[in-house]
Amino acid sequence: MTVETKPGRHSDAALTPPAIELRGISKAFGPVQANKDINIRVEKGTIHGIIGENGAGKSTLMSILYGFYRADSGEIRINGEPTTINDSLAAIRAGIGMVFQHFKLVENFSVLENVILGAEDGGFLKPSLNKARGLLKSLAADFELSVDPDALIENLSVGHQQRVEILKALYRSADILILDEPTGVLTPAEADHLFRILKGLKSQGKTIILITHKLREIMEVTDFVSVMRRGEMVATVPTKDTSPTDLAELMVGRKVLLRVDKTAATPGRTVLDVQGLRVVDDKGVERLRGIDLTVRAGEILGIAGVAGNGQSELLEALAGLISATSGSATINGNPLDLTGRTSDGQTRRAEGIAHVPEDRHRRGLILDFSAWENVAFGYHNDPAYNRNALLMDNAAILRDTEAKIKRFDVRPPNPWLTAESFSGGNQQKLVLAREIERNPDLLLIGQPTRGVDIGAIEFIHQQIIALRDAGKAILLVSVELDEIFALSDRIAVMFDGRIMGERQPDHTTERELGLLMAGMTGEPE
Amino acid sequence: DPALIFDLGGKFDKSFNEAAFAGGERWAEETGGTYRDIEMQSEAQREQALRRLAESGSNPIVMTGFAFASVLEQVAPDYPDTTFAIIDGVVDAENVRSVVFTEHEGSYLVGVLAAMASETDTVGFVGGMDIPLIRRFACGYAQGVKAANADATVVMNYTGTTPAAWNDPVRGGEITQAQISQGADVVYAAAGGTGVGVLQTAADADIFSIGVDSNQNAMHPGQVLTSMVKRVDNAVFDAFSAGVDMETGLYVMDLAAGGVGWALDENNESLVSAEMREAVDAASAAIIAGDIAVHDYMSDGACPYE
Amino acid sequence: MAVKRIPDWADVVLVPLVSLILAFVISALVIVAIGEDPWAATQMMVSGALGSTYGWGYTLYYATNFMFTGLAVAVAFQAKLFNIGGEGQATLGGLGVALACLYLPWPHWSLALLGAALGAAAFGALWAAIPGYLQAKRGSHIVITTIMFNFIAAAVLNYVLVNQLRPQGSMDPASARFPEVTQLPRLHEILEVVGIPFSRSTPANISLLIALAACVAVWFLLWRTRLGYQIRAFGHSEAAAQYAGISPLRITIVVMLISGGLSGMMAINNVMGEAQRLVLNAVEGAGFIGIAVALMGRNHPFGVFLAALLFGFLYQGGAELALWTSIPRELIVVIQALVILFTGALDNMVRMGIAKVIGPAKQGGA
Amino acid sequence: MDLASVIQILDSTLRLSTPLLLACLAGLFSERAGIFDIGLEGKMLAAAFFSAATAAITGSVWLGLGAGILASMALSLLHGVASITFRGNQLISGVAINFLAAGLTVLIAQDWFQQGGRTPALIGDGRFPRLDLPFAEALRDVPVIGPAYSVILSGHTILVYVALLCVPLTWYILYRTRFGLRLRAVGENPAAVDTAGVSVVRLRYAAVLICGVLCGIAGAYLATGLAAGFVKDMTAGRGYIALAALIFAKWRPWQALGAVLLFGLLEAIANRYQNIELAGLVLPVQFMQALPYILTVIILAGFVGKAVPPRAGGTAYVKER
């Protein structure tokens, strides 16, 4: 009997075997039970969303499906057939493709090389590369996924890197495509573009699983949505039968505030004044092309922009981590050495600048150090932390850490745990506690809530606002437009090393900012 | 029982220590006696080994190598009833026999042979490490070469500065090649295990080589011109034979005493012409008679013939 | 194949123990293969190294060397610098000791020790700081430069001993004997004070106490001082260290100075304490053993201490074996290799085996 | 400096560079796949012994070569088991292998031959003969090209040519084949390889075994090509120099050739010129002997810059902790 399947019509589900069916999947990482007896059906030709707090086990589940991890127990059925997926090769053979939350690309390979890796055509590269080049072209045309096949991954923007990941999956002719938090790093325009692509894929009969934290996106593109909480699958519902508030409640298990309360800013004197800041990186690429900006006491200046347009360099140059090629700046009216010849992180701290780095793992924390050692990090010269010129006062640091942990509700409240063993949100709280409690004149803060779940975001945002209300200047960089809107008193948009324009949050829209972020000044063509 | 202590090179170093070992074995074979032999592994053991042997009643105790001198100086007075013999070193103590060889004299003789065998008037010398002992070989050799042929050139090289210098036949071979390219057609090796590579390369390149310490003529029959033999074996044999009554004091094993010399056997008979034999015998006689004074590098730390 | 978590006590006690046993079992097989009796060999090693105060004296003497070089490697490793130059730094340290002992008039051994230790540390530190500087400033890979500096040190020493320090007329490329006053107290003299009889004829000397003090000092440095904090932070993440305002240049050079100084200090044990003169190749590979010691000791001073003792035992036990039996001395090198392999590189294999036997750690226990 | 000297030095350079080149390429395969290897020295030494011993016993240098390669591969396998399967510390494993080879070779040599850890000198078919390249004789008298071709290039054992051919071959494998692409990828980001459906473990073992083969040839060349038999510790630190060359070359094949040729050249020069007089000052022998190392440091500091190793190098691939 042949059944004609119409994409999106779940009423056919009883007749057609689902594209994916997981039964009783469990997985533990040591003491952490990441997945507990998970059951889920994903119908053919649908877009199926999965949501859940950080650490709920979404990525783990998908990685099991893709053969990256092996489940401790449970069964996987693909198109109704019980299938053993012990490694990614088996998953690829079963027609599954996955775009990981953390991309699995070889940074110093070209796009083409990354695409064919593992799916080469014979032992020699030339023919494979030629074939791939052709195929890539047609895929790019079919799905609006154009990327320069010869560009090196490390030179691509995150958005383009993601396209490469999708191309990798399509190149392996995947029928089932898993995307793990694909929009976290994209501009609204890019995200819209991605969704168009996904809809296109769906219309070609492909099945798509989409993991995201953004309820708006779930509502916009998915047919079904599953909710995970603490390793368990708590619900699967047709999207049209639910609402964002319902979903948020299902996710967290309580009601959440989706918006921060804040009063209007009362800006005071100018704290930071930057003129003509230029930065050229190791490779000779000009990353900042003349930045002028000021931040005043008691206000938050939000810098919006797609990742990779110079925001990181701006923060690092101001924090003394990289040296500027030209430009000048003052802090509280005193000149700031931007060349790094007479200054470094230590000098900046002494000048009243605190810095919450974008990448807490790479810069903000020493993962192998205990929480209390991390609390002294960067402030290890503080007399309060030292007995004398030689010895540190560990007891004092410990005491201070305990106080900070308490105030910032870091969990678990154990200063002896290594930074690594805290969850992402709690790691971020630790960094914030360290920097905010210094009561700096200027706080540089990058991606304050990256990879942090809703509950913690709420708290972190409150802390930032509180610091502003205490009359401090804050320079905020974030790729999350929601966050920019929620916190900023003024918004500057960066594109290609320049500031494209400045807007008031109340007098602009996501759409307008999106255009600026894409390099368009907003004037009609 | 007597005891024999080898230096760090180990008893199978194909030259100096191995010669001592041969002397011990010969004594054991001829007398049916037994002896104890041990190899050093570290500097700190020298004292340990000496004391342990003395305390366990070994007598006499023979050791090879100048490196023992300093330690023996300290240890010997503590064991007045034991006699010690040190080869290649001088220790001034009641119960120590110091045996030294006049390597420069032996080297002079092979130098004469080298100069006469050379058709290019260029001969080579490969030393293991630039240390005084090896300089003494080098200087005697150079003097002998110059004596036989005033126009001859001696090319001198040393292998290295780390212990690997004594165990690097590959570099030994390359240095030999370098000397050959400078015209050398006879090469004298005083470089332990490195010498294996020197002799090999010389044989491959069809030039002559000269062995050292033991008779190495048989390593490449017909291609090793001769070997400068240093009769360490005799020194050990004598000491062992003398037993507990071994006389102490300084023993200079020179040419006259048969302590050093050049090797002639069926392997190199055809290489040494009558004329060469005459010349070297004459030189030998003159040295013994005192008519030729072979310069000892150790006497002034310099070599006028290089 | 995930490495199973096992209880902490098993990780600390059982894993090294089982690893050692495995290493010795295989060593026994090697001994059988060359036609010797492994049981007799074991007895001889143990009694030779630990069976008498005499054996202990040698074991501790070697261990002292390894503590210094092991600490040197460990300190550098804490800053993620792989210092393979211990050999050269200890060589130069020997030169420092010799110059201090020979050319300065010391009134008492204690002052001489102070002076010699300073000389040793200074020379060793200098020899390590150049590669450190080149790495930090010019990006020259420290592994290459320290290897090269080992060779250069050997050449320097060779030149100095043959042409400068050798007494006129001496055959031995070694310095003159140091003046009597610079002779360090031997272990038996120290122990006599507290009434413990100890063999008089071993080279173990007061340097042992200095090495122990160095272990404590390094621990103190790394985990109690601000400098140590910065060193460890730099070692874990250069990018983070830069964020914290820790200068990579400064830390690299300072760490290499400390590391080289520690390597150099080894010379107070072997050159001043034992030989009382400087000889060619006085270091005898202790610089390389230091790498193994540091790695096995997990770059922790206490681990270094234990590993140094283990290697001291292997050295002395092995020496006894080679001295008094027909077993070749290279057997010891093989045993050392197996010990390094099993305790240092195959530890996870042992861990997994243990997990199978005693079961994994209870939830939350790891 | 006359022409003859130049030719001799270059000739010597080629020979001295060959074992370094093979070991360097060996390290390149291993480290490009993310497995650091400071055990090159040990593997070469083991191969040197087993090739010489087998050649001495059987009289066949080819069997010797085979035995040398097998011995070296056995140690590679050990390194693989320790660092890939059991995710042990790669540096420690390498150090252990160096010790193991240093001890075992002498121990076995003593057991088999009783010559103090030496093998008997190899004769006849027990050694690799020197090959004359075609037209070497005919071209000998042509100026410049003649000596360059017939003296410097011609007249080496076959392993020298094998080593030289390994350079383009390595380059080709690395950059033009599927295997090479995956190999490079696994040294940069093993997770990318894993999720592409390729076994990380198998790739790394393959790389480590290739490393074994090349080290095996290097060792066999030392004992049966350059020397005529095994002498204890005869690698004399060449494994470490090869490692230095690898870093110098920043893990790239042609640059590796350049680096080893430079090291070989410096060593050849140091061998050839030991007593140099500069303006009345006689430089000591020791200075000339240290010169290659001093120059290496200077070149490294002056012109090479920072060498960034393969990103995943030195760490085991762990998915779950």
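We call the chains A, B, C and D, going by the order they appear; numbering starts again at 1 in every chain.
Everything that follows uses one rule, which is that contacts are C-beta pairs under 8 Å (C-beta built on N, C-alpha and C of every residue); 3 or more make two chains touch, one makes a residue touch a chain.
Chain identities (UniProt): A = Nucleoside ABC transporter ATP-binding protein; C = Nucleoside ABC transporter membrane protein; D = Simple sugar transport system permease protein.
If you're wondering where the values come from, they're calculated on a predicted model, not measured in any experiment.
Asker: Please state which pair of chains has more C-beta contact pairs than any other pair.
Answerer: C-D
Asker: So which chain is farthest from chain A, going by the mean of the CA atoms in each chain?
Answerer: Chain centre farthest from chain A's centre: B.
Asker: Nearest whole angstrom, what separates the Cα centre of chain C from the Cα centre of chain D?
Answerer: 29
Asker: For chain A and chain C, let me know how many angstrom lie between their CA-based centres, rounded off.
Answerer: 47
Asker: Using the average of all C-alpha atoms in each chain as its centre, how far is it in Å between chain A and chain B?
Answerer: Going by mean C-alpha positions, chain A sits 76 Å from chain B.
Asker: Centroid of chain B to centroid of chain C, CA atoms only: how many Å?
Answerer: 36
Asker: Which residue numbers or ranges of chain C touch two or more of the other chains?
Answerer: 151, 154-155, 158, 162, 332
Asker: Which residues belonging to chain B are in contact with no fewer than two other chains?
Answerer: Where chain B meets two or more other chains at a single residue, that happens at 130, 160-162.
Asker: At least two partner chains per residue is the criterion; list those residues in chain A.
Answerer: Expected reply: 30.
Asker: Under the stated touch criterion, can you name all the chain pairs that qualify?
Answerer: Contact pairs between chains: A-C, A-D, B-C, B-D, C-D.
Asker: Which residues, counting only chain B, touch chain D once they are in their complex?
Answerer: Residues 10-14, 18, 130, 156-158, 160-162, 164, 167-171, 173-175, 177-178, 180-182, 193, 196-197, 200, 219.
Asker: Of all residues in chain C, which touch chain B in the complex?
Answerer: Those residues of chain C that touch chain B are 58, 61-62, 151, 154-155, 157-158, 162, 166, 168-174, 177, 201-203, 270, 274-275, 277, 279-282, 284, 315, 318-319, 322-324, 329, 332.
Asker: Any idea which chain A residues touch chain D in the complex?
Answerer: Against chain D, the touching part of chain A is residues 29-30, 66, 68-69, 87-93, 98, 100, 104-109, 113-114, 116-120, 122-126, 128, 168.
Asker: Which residues of chain D touch chain A in their complex?
Answerer: Within the complex, chain D contacts chain A at residues 175-182, 184-185, 188-189, 191-199, 311, 319-321.
Asker: Can you check the complex and tell me which residues of chain C touch chain A?
Answerer: Going by the criterion above, the answer is residues 5, 224-227, 229-230, 232-233, 236-237, 239-240, 242-247, 363-364, 366.
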